[in-house]
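Note that the chains are named A, B, C, D, E, F, G and H in the order they appear, and that numbering of residues resets to 1 at the start of each chain.
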């Protein structure tokens, strides 16, 4: 940013550009300059990977419109979350969309190469948690992460998880997804020595209160290194896992 | 009961007794006849073991009064729960009370012999859960059960529990006590093949909401054979464990 | 387990087997050895009775697949809970399924003989609680328990329950099922001298908050010997009743 | 009111009074005319009985001030609720106060004669509910009702209540007071054929959530004729019982 | 009751009947004798008026069956609450049912004559509360009460209520029905000098949380003489109003 | 701001200033330029009136430090909210503080002249709400508003409020403060034709749940023109009332 | 009001009218006289602008009836909120209705001229909040306010809001509408120096609990000048904004 | 692990060790072998850094005991969280403890060198959040991270945060700590492109419900890369930040 502004000012100093032109440019893009305002979707993601559209509550037409604008602006890779099959079918007529039904995700463009620090493990307590898990897994893959899926390894049958202990021990980041009592996050948090992202799901009935039980469990985990995202928020977990799995030394600007 | 009523009616049929006398007797003690009205404490417990006084909200004087009445009525063994040290000291001046501070329990008389089907295991997630655990353990012991304590075996350090797997596998009944995320009940429930009584505790902070988190976790356990009692209710768990550990074939009356 | 491992080590000591072979075996089945990893369904149940599939959130195809695998592996008796009529109809085309609509349970194979310590009584507060009650009753029957049903004996018409007092007094285990104010568990808990498993139901309206009222009531029961399972969890109650009704002296392995 | 206004207007019509005077009178006391604005305490109670001061959050000085004003205005009987012993002692130095510690009630003046339709029964589940019960009982007595106390008749020991069935059956109004699971209201509601006022109390621990459990239970009672007041609101129940116990034919004004 | 049992015993004393016959009769109807067990529906109502069937969760066939049994047993008047139009149509084919759609109530037989102490006023805050109000009003009418309806007199337009002040002041009992902020109960409670039964409704949106807001408001009313029933429980309020409006001096049995 | 930046750029264009100097200035104060970053307290208030320090959770020393800095920076008028008497006494030793105990407010400097559009009415349901009311009233006065207090005009004694109708009708803004059922806001909102700021208080017991009941009531008010601030937030209401009472035509910058 | 009553009384004094006639008039419209009883809809709005019908829970026929009565009574402008498209279509057949689908508002008559103090800004966090925003915006416009819409300026992409800072800084009143974490209100409250009306919406999933998360956030805003209305209550915010934007000096009556 | 076991087996194969010795070793430390069972505190942390003792609910004596054992076992660095000043003083008499009062942390040994990928930024909304922030900051420093503190940068005064934008943009991990509305996490999450760990605090009053408001806000953040830990859990955030700031490429074992 500094460079761009400096060039602008130097041009002005050299009278190659007028005061009004500089003023207009500073006014038009005051935030693009400082590096966090490039994208216009609901989430500010890092450049060079893919843009994300939150599909829930948007009509197919709106999504098509946003998608076309992005493509025209040179953004080749787009991820659309919470996308229904019906919307996907309608969008496919206009855009080169790939639809992954289980994850309710639509993809335009191609997945990034897996270039993370290690493996992102996505574990679930039961089979009903798989749609949330797939949202997480596909998101992580799209942004360039190798993903290993450990499904249906809930703590009530501990042997299932323990028989995969090597996978757990070797993960770079683990996404632990569970409804009902949500104990999976604590058990994995106690076994692993990497960051664990806990995702409570609304799977369950009665006193699960649509995910509240799992949410509270995970927040109260006494294992270190566990943090929690919103109920059923597979995308959020997948994206955060990607960030952690791509950590690199920071150098000052 | 049927016998007693039959005798009454036969006496009437034989004119050994008047209609009014029968009427009065039927009216005065309709429920004494059927055998569940012998005790006068807050909990209807089985005869021959010990009576229980819930000490919370009772003054030392009230407890002394109740205790003396019981002793006079021939009840030699009394268990007083939720008893503060101060109250215990005051009661000791009048009654032969043994006080177990950690369990907040007072005992008059002697513990029953351990004659259950097997061992009652009392497990806790952390050290802060021990007071509740001791309330459960001492209760079970008082009523005649061998108790094995497994303290501080929370799921965030799973090896602690797994290293005691033989104890868990050999238990007759297990009382799983935990605050925070309360996952212990599910993990034990998945490992053991005996009834598990889960006791959520108010141990924790923040989103533990005074035991709500552990309570919901335990209610949502996907392990079979797990049931739950009130938050911090060590006595209830200990007494239920005693009942289960003394199951015997029922024969019709 | 010890025996099996000892034999392995002795073979190694005798050079009948290589270090690598032992290492592989120890790695491949570390938990099968210790006795709790035989079943692969969502609930770890005791051998020799029946396996359980939790039907909710599984497609008919998935259930058929799991069922076929079980049958092929020599498991003749299978219980499928929370099974819709539509799924049952589809499954019947491929497997010898018996469907009990009121209990939403499917059964493959045959019920175990009733060989428990005594009778499991299943009581409900109202008629609307019957589906949950049938889930409990059929589960208990399937695993080998004699069940007596006491339906619509809610506490607002106490005579209904009191007229069945002999049934209550003679039970081995009682499952008390109620929605709304859930007082049935306390009243039965005060009358009976056997373990009472309380099942809150979502029956009610307004301030019943989908079963929360009954749940809290039951957790706060001042009757001894009462524990609680999740709202509407008939299966859990039925299975736990079975465990308690089949208690026997534990001998060390 | 109509009469008073008519007289005013007739005086105006007869020119015995000016337009401005009528205007002023209509403006100054628009509501006194209609009969419900005589008292100035926090609760609008019926004349001729006693005035009530809600003592919580008022300083002894404030209570003395209000009390003196009332006495000076000719109100001989005053009831002060939620009054601490300390405040009562201070007030006694200035006013002829009788203090009933268990009920936390102060009385100036004398109790009304018991002239209701019948007996007000005040029943509690346990001994810890007695302070709330005494607030209800003393209130009802103060306003002129015969009160019978049935304490410690909780449903977990049903025989205690059933042995007093004649008292329950003969009541004019019953106040059912209980904490924990609050089932007393439903059971009494099912036995009695008079109005039942349910008072949940904050007695309990854990999942009683300071009276929430009992409150929800009572609101969900399936017995007819049961209504509920706020947690620990003994005064409200006592006053309402008084109103019901003094019902009489209404004649149009 | 006493009479019936006395006759039985006298017959036995006269040897007109055997001991076994008496025993059987006493066993079969042990509670009919003591006066509260005559009806077999979900609510124990007073004789001579009408029986009530709670229609929710019952099939038309079940209701027809229960209704026919009642009619055969000589009960001419039946009230069915929470009855859908579809069920009513089906029942009409078999029974002489009158259906009041707005109140969701079905009636067999005829309304009792209005013979209460005075008038039952049914007031609502808004028009959306009318179905609950009609359930209350029709119930009260069915049992023999004159009902005056004051609909849409919510406190946000206080003049609407104040213009009906004479109706409020002359009521024998008032049922105050409101959703949203539920303030109607407090305002009426402050104006009237008769018992007020508050019925919170689920009318509202957002932070009304399906009636919770109105429920809490009504429970916290600082007006004296106000009690509360469950959210949307028009029947309960109507029946309790009937009880209060028919209070009469109690004489000992 | 535009002017300032334009001048900067023109200087650069005229080579009166270097590129680096411009760059530094643009970097150092990017937000001071746009006019909202002048104050450094926790609340961004309008200049020329008074600065506010939220006293809760700050030590007397911290408050003295902040206060001295403000005074040194030429801010003569300071309002300190939620200030305990102990802290005030300590601060007084160092700063010219006036302490208003009932409102828990400390003032340095002088109150602004009352120059609002009209009168701010502060009304409470009961006497216990007065501390919150005084926080609101003193805040409004400090910022230059004429305040009329209407205390203890709760809806259960409606005549108290109606007798002050002229005050209510003539207000410019009304702050309605109430605990328990919080109905005051709705009733005032229905009577007045000015904005009403509702402040729920934590006054009450039992099901008031520390102000939750009043909060929900006020949020669900069906009167128009009512909005709500946090429980017990007298300052927030007083400040907002001040803003509304000082509305004036906006002219574009 | 005084004038009207004075004229009445003077006529009586002059015997131009009888006592009974005056009495009747005073009785028939006791509250019209004092100025707050002119409208008969659910909300008491100011004269001369438009009347409001809350459409939810009203049938098209009811709305047509109310509308016709209003038109006949000379009210030319009517606003109908929460109106479904189906109802609107049916109403259009009978009344000259304009329907604004996105806002779910129907309008009869014409919008008032924008004559407020300044601009009402309606800002939303996301696109899903737009229906609530349009309800607010159309309401404000209908009553005579210039509205500027700032949609999709949620705090997770702060540049979107900051790039519109001039709009925010120049507003007379701001309506901040957001679901999920509801942080928009605090950020705008910190930037603007005008009253901010916060509207939480039910947009979100999981732990947004249907708007509870946004509601609590907004109530806890530490920005000054922020108040909150019910979840999704666009109308309430729009009407309050109108009131604030039309503030003018109050002169005594 | 494999190596150690292999060596054991090879020794057995070479008869350097007996079968029983191997069996005992395998039995005694079955989990130490696989690398996650080395520590015996409540949290399983990585070796080589420091062990952690959760001080809450432990007596000084217990902490001294645990500490001495650790030191004897060669663990030179110990972190004790939630340690009161009183306990710290008592411990200091026996162990070389450094106590950091604001963070409520005790340290034995020395802080690790800061060797992370970059800087951990700890930001708070207000000054009252600083104790939680210091717990996070000191934890991160102890484990070897450079920490920059940004305190009192709450969103209601956005300029405070924006003036530190360079710090935010350059962070490796950010811990965002806030009570009340908890909006800080969303705003920072939208500005930064690194993982953000949100810590809700119990700072606030009224509808903050002891941190619930901030917790829900943070869970619902629409910024990507944000996850949440328990209310007031500074340690958890600091430790997780350390893990993320020390991410490195994983290589398979």
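Please note the rule applied: a residue touches a chain if its C-beta (ideal position, glycine included) is under 8 Å from a C-beta of that chain, and two chains touch if they have at least 3 such contacts.
Quick caveat: nothing in here was measured; it's all calculated off a predicted structure.
Colleague: Identify the chains in contact with chain A as well as chain H, in label order.
Modeller: Where chain A and chain H share a partner, that partner set is B, C, F, G.
Colleague: Walk from chain C over to chain F along touching chains and report the minimum step count.
Modeller: Contact-graph shortest path, chain C to chain F, evaluates to 2.
Colleague: Can you tell me which chain lies farthest from chain C, using the average of the Cα atoms as each chain's centre?
Modeller: Result for max centroid distance from chain C is chain F.
Colleague: Could you work out which chain's C-alpha centre is the most distant one from the centre of chain E?
Modeller: H
Colleague: Sharing more than half its contact pairs with A-H, counted by residue number, which one of D-G, F-G or C-H qualifies?
Modeller: Most of the A-H contacts reappear at F-G.
Colleague: Mind checking the centre-to-centre distance between chain A and chain C? Centres are C-alpha means, answer in whole Å.
Modeller: 39
Colleague: Could you put a whole-Å number on the gap between the CA centroids of chain B and chain F?
Modeller: Distance between chain centres, rounded to whole Å: 55 Å.
Colleague: Where does chain E touch two or more other chains at once, residue-wise?
Modeller: Counting only residues that touch two or more other chains, chain E contributes 30, 34, 36, 42-44, 126, 154, 156-158, 190-191, 206-208, 212, 215, 219-220, 222-224, 230-231.
Colleague: If I apply the definition of touch given earlier, which pairs of chains qualify?
Modeller: A-B, A-C, A-F, A-G, A-H, B-C, B-D, B-E, B-H, C-D, C-E, C-H, D-E, D-F, D-G, E-F, E-G, F-G, F-H, G-H
Colleague: In the complex of these two chains, what residues of chain F are touching chain A?
Modeller: By the definition above, chain F touches chain A via 2, 5-6, 9-10, 12-13, 15, 18-19, 22-23, 26.
Colleague: Chain G touches which residues of chain F in the complex?
Modeller: Result: residues 34-36, 42-46, 52, 117-119, 165-166, 169-172, 190-195, 197, 215, 219-220, 222-231, 236-237, 239-240, 243-245, 247-250, 252-253 of chain F touch chain G.
Colleague: Write out the stretch or stretches of chain B touching chain H in their complex.
Modeller: These residues of chain B touch chain H: 126-128, 152, 154, 156-160, 162-163, 203, 205-208.
Colleague: In their complex, what parts of chain G are in touch with chain E?
Modeller: For chain G paired with chain E, touching residues are 30-32, 36-37, 39-40, 42-44, 56-58, 62, 200, 202, 211-212, 215, 230-233.
Colleague: Which part of chain F faces chain E closely enough to touch in the complex?
Modeller: 125-126, 154-158, 180-183, 186-187, 189-191, 204, 206-209, 212-214, 216-224
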